[in-house]
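Per-chain residue numbering starts at 1, and chain names A, B, C and D are given in the order in which the chains are listed.
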Amino acid sequence: MPRVVVDVVLKPEISDPQGQAVLGALGRLGHRGVTGVRQGKHFVLDVEGTPDEAELREIAENLLANPVIEDVELHLSGD
Amino acid sequence: MRIGVVTFPGSLDDVDAARAVRLAGGEVVPLWHADAELPAVDAVVLPGGFSYGDYLRAGAIAARQPLMRAVVDRAHAGMPVLGICNGFQVLCEAGLLPGALTRNSHLHFRNRDQALRVERADTAWTSSYAQGQTITVPVKNGEGRYVAADADLDRIEGEGRVVVRYAGGNPNGSSRDIAGVTSADGRVVGLMPHPEHAVEELTGPSVDGLGFFTSVLQGALSA
Amino acid sequence: MTVDTVTRAGETPDEEQPWRELGLRAEEYARIREILGRRPTTAELAMYSVMWSEHCSYKSSKVHLRTFGDLPKSEALLVGMGENAGVVDVGDGYAVTFKVESHNHPSYVEPYQGAATGVGGIVRDILTMGARPVAVMDSLRFGRADAPDTARVLPGVVAGVGGYGNCLGLPNIGGEILFDDCYLGNPLVNALCVGVMKHSDVRLAKAEGVGNKVVLFGARTGGDGIGGVSVLASETFDADGPAKRPSVQVGDPFTEKLLIEACLEIFAADLVTGIQDLGGAGLSCATSELAAAGSGGMRIDLETVPLRDSTLTAAEILMSESQERMCAIVEPAKVEEFLAVCAKWDVLATVIGEVTDGDRLLIDWHGERIVDVPPRTVAHDGPVYERPYSRPADLDALQADLPPVESTDLRADWLAVVGSPDGCDKSWVTEQYDRYVQGNTVLAQPEDAGLVRIDETSNRGIALALDGNARFARLDPYTGAQLNLAEAYRNVAVSGAVPLAVTNCLNFGSPEEPEVMWQFAEAVRGLADGCRALGLPVTGGNVSLYNQTGDVPINPTPVIGVLGVHADVRTRVGGGWRAAGETLLLLGDTRPEFGGSAWASVVHGHLGGLPPQLDLDAERALAELLAGLAADGAVTSAHDLSDGGLAQALTESALRYGVGATVRVEGDPTAALFAESVARAVVTTTDAAAVRAAAEAAGVPVTELGTTGGDALVVEGLVELPLTELRTTWTRTLPDLFGHPEDAVGAVPTGAVPTS
Amino acid sequence: MPRVVVDVVLKPEISDPQGQAVLGALGRLGHRGVTGVRQGKHFVLDVEGTPDEAELREIAENLLANPVIEDVELHLSGD
């Protein structure tokens, strides 16, 4: 597992002004088929040696994400 | 001479840009982002701020507003356009200027009085300066790091498109100390520092910024 | 789930209700039942619980704050305490409103968003008065600068203050940033906003006119921050940190900027009869306060409130503290135009109810009545406690523990004081704030006061300073509060402005501790007495209690803001020396006063004795002198003496433009350099005789200190400090702790991974 | 296709101070197994009606990303 992807998204109950702004822009540009946008962060980590899932989960959940307002998705498979 | 100053939702320095135009002797025409038509103006200033909150990318959403299409068309026809800070970001996003502006290398917003070297004194917006002159104006941004692929930077430099460079320290990690660039015809200029905040002794670190606005006015007179 | 209607509440009087979980006490719950003559509905219970929380009801502090209302009437005061913010006449038909507010606990839980939404909240308070916000300031307290948690909290708070204020286009013109162990589990984030309007533009939070519409505008209502501010601000954190995490809110400064522009256009077109921001307690607060202030009642259809989360219950909607929302009362004929202005600015606006001729606040949910209350009982008739208070048991011992009085190494002490986290250069912080936007900032940090031009033609301006020395207040809260007032007053005066009015943010521990309550009562009494002596009104303020970790309260921290008016900002005076060969004069008297001083703290780790002696007559004389000198152009710089004494002031003035000085001091050198005696300032002039004459006429003592020039600060026979050495010591402290921005990358302190 | 995910990453030749800062912090916290970090953006779009891949690609490449400095990955399958 040389490459790990972590997606960080705002918890559903937290407002997402960035996603709202993108949605508004899409509407004004005539892309009406998109009805919702949430914006998060996407991290690509290069990992060396034995992959330790617990450590990666710890990194993702407590460092890459702000656990107060964000959830994470860990994709160990790489891309 | 009538100079349009555009207000986007989230524009902040539009009042300042307008004040600078007036102090330089120009007539200000307020422009609204949502209008499709550009009224009769001789030049346009895109001011600083956080248009659309700078959500997505700085300047990205503003660059796709109706008025910007008209500005792009007129710019292609030779109308002078100045983009300051967020306005510079808009011009890059709109494809009028090369490169892109990204998160500062130190990841902080930074506001300081900044020395700049004028590299081109022959654009529509810098003719009041002497080439090589050092001026001091405020810089204030969080996403002001000018970047492009190396080959593109070489081309930009080779074509003499760098208008101003940071001197005495690079405030945001911009490639090759680039603070501002111009279009091939020298009519469109974008820069991260804020000349409109250096137009009065009372409120600015200098009055060095006034030259940007007098340049375009004099250019129009002599044209 | 059945909706808990008013009818149902009447039919099920004995149904169990979670009043305790909502923070109410048994007698408070009983009182609600008594007011209503039945049990409250779930929605009513929600409203009463948030509105009767400490944060919203001021139930512990009210009896003391009344003292401010008893101050003599001030001619300048157009709107007094009790409104969202007080309004002061600053001449030429201009009115100014300003207020400082805390967001301490949210900033500990989530530093960036807590600080950001703190700025957002105070800006809406100012906007609500009808004013255009023109500047912000921030007063910050953190734990020891090298403590690991400070590395988590400080960068986030600073980025949050900057991130929100910068995006709104409000220049940050000053503030404070100080460190002490007592704030480690409880940082303080106090934000100030000031706004300007014409007299005729003052707006009040009042629901008048039967049939007028209630319009909610701004962001959608979500589930974030339900009970957030009020609950967070009304409880003590235990040593393990906060338990309540989800009440954090994410600020959206862009929406707030649009809200500001929309409101100003709405005010200009005279489209509202009353307006209120939504802050702590959200709609519960806005509806009950608007209705209580009016002559009639109000009816709301709660299901019309635009939601971000469709699963919210009625009670949650009423309690939600979602940011960036406002509520307006609009005449029916003006609703269309009102909505059009909002649409122009992409601001969502919805008619949610109307003003009625009854005297009740009625809230319906899909046609069923869920709230039927007298609005005053929610908004104003909350409990009032006369909490017991007693002088701290350790205070006598603390005051008897006298500080050292003699430096054994003046040079080392000097460098230690100016290089300490409290004394050092704050550019690491202030460079993250936009000071230039709007183009009217005449003075900002590191000047003693911020100064903003409010009229480009007449050059009229306003000055502001915020000061809150907590060591002095710990040693003697009565005097400490007055010393803070005196310092802010003096800071405004050195700029050449005339002090006019006072705001405050009182940060204390738990009011349930009698010793904390005593500190609070003493500080309020002190501030009131100080304002009376200086002839200044208190226009408003904020109280933040429960600032403690476990059972250890913070040092009492009354942060005082003073507003001044400057008739012609072109005559403003800055604090830096610009030229060599000018005469340096010390105004005021120095005594060997070291209690609570920076020198005793930094060099000796000592806090004890009494704070410096207060002298408000001397402050007044000094302020009047400074205003006169500025108006006459008689001085080229002025800097007040406070924390760190003369050594600190000389350092700051010299390093500003890199001009040194040679000075002589008389008497005890430790006192001369480090004492923190009040009512002092250093000025430079090219006409010493004129300044002397003016000072003598004003009854202000003058001592000639020396002459500016050279590239060192030289105190003859005592110390010589090259400016380069001083500068290195003064500037490196915060970057060493929190990262040198020059190091392109990787300079982020451990534990603070910046990913936003 | 009600949900479309778009990941935007900086082109490899553009430096990424945010990723660098994360990497530095991870190292200081003792997570030495991570040898590289790149930070990008993660968008989740709700799409209604017929999915039009060309339109979505246009949105992703020309609005959500700045083609001068960024590459995009479009995941039509949703999550």
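Note that a residue touches a chain if its C-beta (ideal position, glycine included) is under 8 Å from a C-beta of that chain, and two chains touch if they have at least 3 such contacts.
This is a predicted model, so every value here is computed, not measured.
A.B. asks: Could you tell me which chains make contact with chain C and chain D both?
C.D. replies: Output, common partners of chain C and chain D: A, B.
A.B. asks: Any idea whether A-C or B-D has more C-beta pairs in contact?
C.D. replies: A-C
A.B. asks: Using the average of all C-alpha atoms in each chain as its centre, how far is it in Å between chain A and chain C?
C.D. replies: About 36 Å separates the centre of chain A from that of chain C.
A.B. asks: State, to the nearest whole Å, the distance from the C-alpha centre of chain A to the C-alpha centre of chain D.
C.D. replies: Result: the chain centres lie 9 Å from each other.
A.B. asks: Could you grab the centroid distance between chain B and chain D? Build each centroid from C-alpha atoms only and quote it in angstrom.
C.D. replies: Roughly 29 Å separates the two chain centres.
A.B. asks: Calculate how many whole Å lie between the centre of chain A and the centre of chain B, each centre taken as the average of the chain's C-alpha atoms.
C.D. replies: 33
A.B. asks: What are the residues of chain D that contact at least two other chains?
C.D. replies: 17-18, 21-22, 25-26, 29, 39, 63-64
A.B. asks: If a residue has to touch 2 or more other chains to count, which residues of chain C qualify?
C.D. replies: 252, 254-255, 346, 744-745, 747-748, 753-755 - these are the residues of chain C that touch more than one other chain.
A.B. asks: Any chance you could list the residues of chain B touching two or more other chains?
C.D. replies: In chain B, residues 52-53, 55-56, 60, 64, 105-107, 173 touch at least two other chains, as defined above.
A.B. asks: Residues of chain D touching chain B in their complex?
C.D. replies: It is residues 10-11, 13-15, 17-18, 21, 63-64, 66, 68-69 of chain D that touch chain B.
A.B. asks: Please give the residue numbers of chain B that touch chain D in the complex, ascending.
C.D. replies: Where chain B meets chain D, its residues are 56-57, 60, 64, 92-93, 98-100, 102-107, 145, 147-150, 173.
A.B. asks: In the complex formed with chain A, which residues of chain D make contact?
C.D. replies: 7-9, 19, 22, 25-26, 29, 31, 33-52, 55, 59, 63-64, 73, 79
A.B. asks: Sort out for me which residues of chain C touch chain A in the complex.
C.D. replies: 109-110, 113, 219-220, 222-224, 245-246, 248-250, 252, 254-255, 308-309, 322, 346, 753, 755-756
A.B. asks: In the complex of these two chains, what residues of chain A are touching chain B?
C.D. replies: Touch residues, chain A against chain B: 17-18, 20-22, 24-25, 28-29, 39.
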